[in-house]
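Two complexes, one shared chain (subunit A), two partners (subunit B, subunit C).
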Partner chain A sequence: MEMLTHILGAIATVILAFVVGMTYGGLVRKITARVQNRLGPPWYQNFIDAYKLYGKTTAIHHGWMQIMGPAFLMVSSVVTLMFIPVLNNGGWFPNLNFEGDLIFLLYLMVFGPLGMALGAGQTGNPNSAIGVTRGLSQMVGFEIPWVMALVALMIQHDTTSITGLMEAQQQSGTWMMFSSPFAFIAAVLAMLGMFRYSPFDIVGAPTELASGPVSENGGKYLFTMMSSGSIFAFVKLTLYVDLFMGGADNLVILLLKTFAIYMIPVLYGLVSPRYRTEQSIRFFWGWPLFFGVLALIYAAIF
Partner chain B sequence: MEMIYLIFIIFLGGAVATYLLGKISNILRDFAFLATLIVPAVLFFTEINIGQVVNFSMAGISLQWGITSFGYIFAYIVLGLGVLAGIYAVTAMKGKENLGFFYSNYILSIMAMMGILFSRDLVSFFIFWEIMTWSSYLMVVFSGKDVQKVGIKYFIFSAVGAYAMLMAIVTTYSLTGSMMIDSLVTAYPGFDFSMQLLIPILLLIGFGVKSAMMPLHVWASGSYSHAPMAYTSVFSGALSKMGIYGMIIVMVSLVSQIPEGHWFREVIAWLGGITAVGGTLWAVAQDDAKKLLAYSSVAQLGYIIVGVGVGTPLAMLAALFMVVMHGLFKGTLFMAVGAIEKQTGTSNFTEVTGLIRKMPWTFLASLMSIIALAGIPPLGGFIGKWMLYESLVGSDHYMLVIVIFFSSTAAFLYCYKFLFGFFLGQEEPEWDHVKEAPALMVVPMIILAVGTFIFGAFPGLLLNPIDAGLQELGYASTQGRYWEMSILFNEWGDKVALQPILYAIFAVFLFFLVFVVSKNFKRTRYVTTKDISSSGEIPKEHENLTFSQNFFQPFLRAVEPLMKRQIDPLYTGFGRGMEAVFEFVRRIYTGNGQTYALYAIIFAVILLIFRSRLFGL
Partner chain C sequence: MINDKNSQKIVDIIQNWSRKHSLWVLAYGTGCGAIEIPPTMTSRYDAERMGVRGAATPRQADILLITGYLTTKTLKRVIRVYEQMQDPKYVIGFGSCTINGGMYYDSYNTIKVLDKYLPVDVYINGCMPRPESVLAGFGKLQELIGDGKANGATKYKENLEWYKANQKKIIPNWVMPEYNW
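Right after this comes the complex of A and B.
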C-alpha cells in the first residue's frame, strides 16, 4: 500500500513537472514574440506540438544507441526530479528526497546529456556531434561557478543535502539569496549557461547547427526529448527555488518563484546575440568565477 | 614448505619455463604462461592468511615476508587484473614475435608486484621494486619503436626514483640499524626534523615516479602508449598503484606522526590536484586513444593522490576505492584499445570511426568503463568520486574541491571523444571488413566492466576489505559511520542510498525505452549514417562527413593559457644543458699527447703558485 502511494506520488510529480515545464516553454515563446513585436503562438502551443510529435510514426532509425538516447535523457530528468523536494515539508511529493544529496545530484544531472550525446553520435550527423562537443565544453565552463556556489552553501550550513539546506533557511527565516548573496549571484550567472538561451545557445544553435544533437530525431524520439527538456527545466528551477529562495509552501508560491527565476535567463537571452564556444566558456571563468571565489571566502569566514 | 615461498617459486620457475618453452611450442608456452598466473592466484586467495609471516636471512640481513590486510586490497587488483589481462594477452598477442620474452616479463612484473606487497623489510621491497621497474622497462621498449625517446625517459625517471628510494633506505639503516619497515615506523618520531623531512621526501620521489605524480609524470604518456596494450592494462591498472601503496604507507605511517605532517599532506594533495587537471586537459587534446588513456591515467592517479594527501578516513576510503576502480575500468579501456588496434590496425580517432555495429561487445565494455571513469551513477566510479568530494568539502579543502571538480567535468570531454571517436559517427566503407575481437579478448573486458557495476551497486563488498586495511594502518573502523553495504554517508551524516537510485534509474529507463520502441520499432527500418538530413541536401556516397579533426578545438582555445605551462620542456632543457656540459668535458680529452703534457704542466704551475694556500708551505 505504501509502495503504491509512493509510485502514485512519483507519477503525480512527473505529470506536474511536465505540465509546468511545457506551459513555461509556451509562455517563453509568447514573451519572446511580444518582445520582438510579433503576435506569437498561444501559450498552449507546446502541448499541441507535443501531441503532434507523439502521434507521428517514425520511419527510420540509425541503431540502438540512437533509440536509447531519449530514454537516457528521460532517466536523468525524471530521477533527478525524484530527488528534489518540490514543496517544503514533503507535502504530496516526498519521493526519494532523503536518499541522495547535492553532489550526487550534480552527477546525475549529466547522466542524461551524456547518454543523449551517445545517441546523437550514432546518427552520424556531423552537426549533432559538433553540438555535443560544444555542449560539453560549455558545461565545463558553467559548472565551475555553479559548484563554487553550492560548496559555499554546503560549508556554511554543514550539510550537503537539499532538505538540510531548506531546513536551515526555515530555521533562520531568511532566504539564502540574502544570507549568501555572492553564492546566489554566481549560481544565477551559471544558470544562464545551464538554460542555454542566448547568448549561450551554442548547442542547438538554430540556423547554424540545424538544432544540433536533436537533429535526426523525429516523432516519438523528439516528443520524449521535448518532454524531458520541459521536466528538466522544472527540475532546475525548483532546485534554485529550494536552495536560494527558501523553497515553497504551496504550488502557487512555487509557480510564482520558479517563473520569476526563469525570466532571468529568458530576458537576458532576448537582448543578446550568440557567443562563440570559447567566448562562452571564458565568460563563466570571468565574473561568475570571481563571485564564486567571493562566495567561498564569505562562507569560509562567516 | 611455506606457501609464500611456493608462490614465488612458481612465478620464477614459470617465467623461465615460459621463456624456454617459447622456443619449442607456442601452445605449451601459452599454457605455461596462464598456469603461472592462475595457480599462484588461486594459492594466494585460498592458502595465504593475513598476518602470516616468514622470516629468513640473506647475506646477514634478516628479511621478513607476509601480507597485511592493507596489502591484500592491492593484491586483488594485481592478481585479478593480472590473470584477466593474461588471458586477454594470449589472444591479443598471437602472431607477434618474441612472445616468450613478453610472457616471462609479464610474469616477472606480476611477481615483483606481489613481492612488493609481501615485503615487510626495505631490502626485499627495493629488490622487488627494481625487478618491477626493469620488467616494465623491457615491456615499454618491446615494440622497438622510439626507444631513445620513450624508453630512456621512463628509465631515467625510474632510476632517479630508485636512487632516491635507495638513499632513504640506507639513511634509515644508519639511523635505526634495522631494515624492517615496522622499525622505521616506530623510530620515525624520534628522528631529528631534517631526517623526518628527508626520508619521506626521498621515498615519495620514488613512489611519485611510479604513480606519475606531477612533476614526475612526464614519462607516463609515452610509456603507457608504447607498451603492448595487453601489458598496459596491467601497467596503468596495477603497476602504477604500487606507487600509491608506498605513498599511503609514507603518508599515513610516517608523516602523520609529526605535527608538521599537516603541511606535507597539503602539498601532496595540491600536487595531486594539479596532476589531475593537467592530465585531463592533455587527455582532451590527444588524437590517439593510447595517449588519451595514458594522460587520463595520470589524471585519475591525481585524484587518488589527492585522497591520500587529505588523509581523513573518508578520503582514504575514496582513494583506495578509486585504486581498485581505476584498475577495473582503465584495464578494460586499454584492452578495448588493444582489441580495436588488432582488428583495424590503428588506434587513432581521426582514422577509424563507426565501429559500434561491428564491435558491439567491445563497445559495451568500453561504455560501462567510460561511465565508471566519468563517475556517473550508478556505476562504481561514482562511489569513489562522491567520497572524495565529500571528504574534501568536509575537511575544509574548498579550493581543492573546485580544482577536482573542474578536472572531472573536463573528463567528460575525453570520455565522449573516446566513445565517439571509435564507435559512433559516420560508418565509413573503409572499415566494413572489421569484425568483433575474439571471444577470449572480449570476455575479460566484460568481466571487468561488470565488476564496476557490481561495486557500484554494492560498494560495501569492496569497502569491507578496504576498511580492514585502513584499520591495519591505524584508522578507526568506518563501517556504519561512512558506509553500509549500499549506503554511503558523509561527515555530516548526509547519505546516498544506492539501491533506490538503481531501481529508479532502471525503472525509468526501461519504461521510456519501451515507450519509444513500442508500436514503433517494427515499422522503422535501419538506414546508414549517410542517410541523414544535412540542410536539405542528400550527402553522396563518397562525401566525407566524419567529424574527428580538432574535436574539442573551442575548448582547447579556452584553456590555452593553462596548457602553456609544461614541465617537459624544462626537463628537456635540463637534459640539453647537461649534454653541453658533457660535451665540454669531452673536449678536454683531445687524444693528443702534447695537450695532456700541457695539462700536467699547468697543473704543476697551479700547485706551485698556490702552494702556500694549499699546503701551508
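Right after this comes the complex of A and C.
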C-alpha cells in the first residue's frame, strides 16, 4: 500500500513539474514579448508546441546514440526530480531522500547534458559538435562556484542532505539566503549560466549555431527534450528554493518563490546580448568564484 | 475505441488545431523578400502572437518560406532542405517571383513557377508583399490546416516522379540522395 502511494506520488510530482515548467516557459515568452513591446504568444503556447511536436513524424535516424541522447536527458531530469523535496514536510510528494543526496545530486545534474552530448555527437552535424564543446566549457565555468556554494552550506550546517539543510533553516527561522549570503550570491551567479538565458545562451545560439546540439532533432526528439527541459527547470528552481529560501509549506508559496527566483536569469537575460565562450568562462571564474571562496571562508569561520 | 472513425476524427481536429497554432518557419531568405521577415517577427507586426516562430533547422521546421526568386543553383539546396523536413510540412511561396517569375520573367538562371518543383500550399502575392500580407498568408495557411486541406506534402509524395522529372530538367549535375520515404 505504501509502495503504491509512493509510485502515485512520484507520477504526480512528474506531472506537476511538467505542467509548471511548461507554464513558466510560456510566461517567459510572454514576458519577453512584453519587454520588447510585443503582444506575444498566449501563456499556453508551449503546450501547443509540445503537442504539435509530438504529432510530427520523426524519420530521422543517425544511430542509436542519437535516440539515447534525449532519453538520457529525460531520465536524468526525472531521477533528479525524485531526489528534490518539493514541499517542506513531504505530504503527497515523497522523495527518495538519503544522507548525502546533495553530493549525489551534483553528479546527477551533469549526467543528462553529458548523455545529450554523446547523442549530439553521433548526428554528425558540425553545429551540434560546436554546441557541445561550448556547453561543456561553460559547464566547467559555472559548476565551480555552484559546487563551492553547496560545499559552504554543507560545512556550515554539518550535513549533506537536502532535508537536513531545510530543517536547519526551519529551526533557526532564517533563510539561508540571509544566514549565508555569499553562498547565495555565488549560487545565483552560477544559476545564470545554468539556465542558459542571454548572455549565456552560447549553447543554443539560434542564429549563430542553428540551435546547437538539437539541430538534427525534430519531432518527437524535440518534444522529449522540451519536456525534460521544463522538468529540469522546475527541479533547479525548487532546489534553490529548498536550499536558500527555506522551502515551501504549500504549492502556492512554492510557485511564488520559484517564479520570483526564475525572474533573475530571465530579466538579466532580456537586457543582455550574447557572450562569446571565453567571455562566459571568464565571467564565471571571476566574481562568482570570488564569492564562492568568500562563502567557504565564511563557512569555515562561523 | 482508438481506431473508431469518430474518435479518429476528434484526434484529427485536436491535432490540426495544435498544428495551426504552432507554425515554426524556416525562412529560406536568399531572395530579396527576406527583408520583410524581420518586421513581421518584431514588435510592429509580431507574428509570434499567432504562434509563428522561427525555426533554426529544417528538422524542426513546419513551414518552408521561399522568399522571392530562386536561382537554378539554389533550387537544389531548397529541394534538399524540403526533403529533410518532417511531416506535416508546408511551403509558402512569397512574392511574385515564386508565382510567375515576377520581374525575372525572362531571366535565364531563375526558375519561374515554383509549384512545378515543390508543392506550394499558399502563395503570398506582391513585389514586395508587406508584413500585413505576410500575416494574411499565415492566416490563410492556418485556415487550410484547420480544415485539413493543406496537403502539399502528400501531393509531393503522390506525384514524386513528375516533380523529380521537373527538378532534374533544371539541375544538370544531380548528385543528391534519393528520398523515397
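Convention: the second predicted complex is superposed on the first by the 300 of 302 C-alpha atoms of A that agree within 3 Å, B and C clash if a C-alpha of one lies under 4 Å from a C-alpha of the other, contacts with A are read in each partner's own complex, and residues count from 1 in each chain.
As a working rule, a residue touches a chain if its C-beta (ideal position, glycine included) is under 8 Å from a C-beta of that chain, and two chains touch if they have at least 3 such contacts.
Keep in mind it's a predicted model, so treat the numbers as computed, not measured.
After superposition onto subunit A, the partners subunit B and subunit C occupy separate space and fit alongside each other.
In the superposed model, A:G55 makes contact with subunit C only, not with subunit B. Figure note: vertex subunit A, arms to subunit B and subunit C, all at CA centres after fitting on chain A; angle 110 degrees, rounded to a multiple of 10. Touched residues of subunit A, counted separately for subunit B and subunit C, are more numerous for B. By the document's definition of touching, both partners, subunit B and subunit C, reach A:E216.
When the shared chain is aligned, subunit B comes close enough to touch A:R276, but subunit C does not. Once the two complexes are laid over each other on the shared chain, residue contacts for A:R134 go to subunit B alone; subunit C is not touched.
Contacts of A:E2 after superposition: neither subunit B nor subunit C is touched. Taking every C-alpha atom of subunit B against every C-alpha atom of subunit C, the smallest gap after superposition is 5 Å. When the two complexes are superposed on chain A, the residues of subunit A that touch both subunit B and subunit C are 57-60, 127, 210, 215-216, 219.
By the touch criterion stated above, subunit A contacts subunit B in their complex at residues 57-63, 65, 67-68, 70-72, 74-75, 78-79, 82, 96, 98-101, 103-104, 107-108, 110-111, 114, 117-118, 121-127, 129-130, 132-134, 136-137, 139-141, 143-144, 147-148, 151, 154-155, 158-161, 164, 210, 215-216, 219-221, 224, 276-278, 281-282, 285, 292, 296, 299-300.
Interface of subunit A with subunit C (complex): residues 29, 33, 36-41, 45, 48-49, 51-52, 55-60, 127, 206-207, 210-211, 214-219, 222. Within the complex formed with subunit A, the residues of subunit C that make contact are 14-15, 18-19, 21-22, 24, 42-43, 46, 48-49, 51, 53-54, 56-62, 85-88, 181. Interface residues of subunit B facing subunit A in the complex, by the touch rule stated above, are 354, 356-357, 367, 374-377, 382, 385-386, 389-390, 393, 396, 398-399, 401-402, 405-406, 409-410, 412-413, 415-416, 419-420, 423-427, 490, 492, 494-497, 500-501, 504-505, 508-509, 512-513, 515-517, 520-521, 523-535, 545-547, 551-552, 554-555, 557-559.
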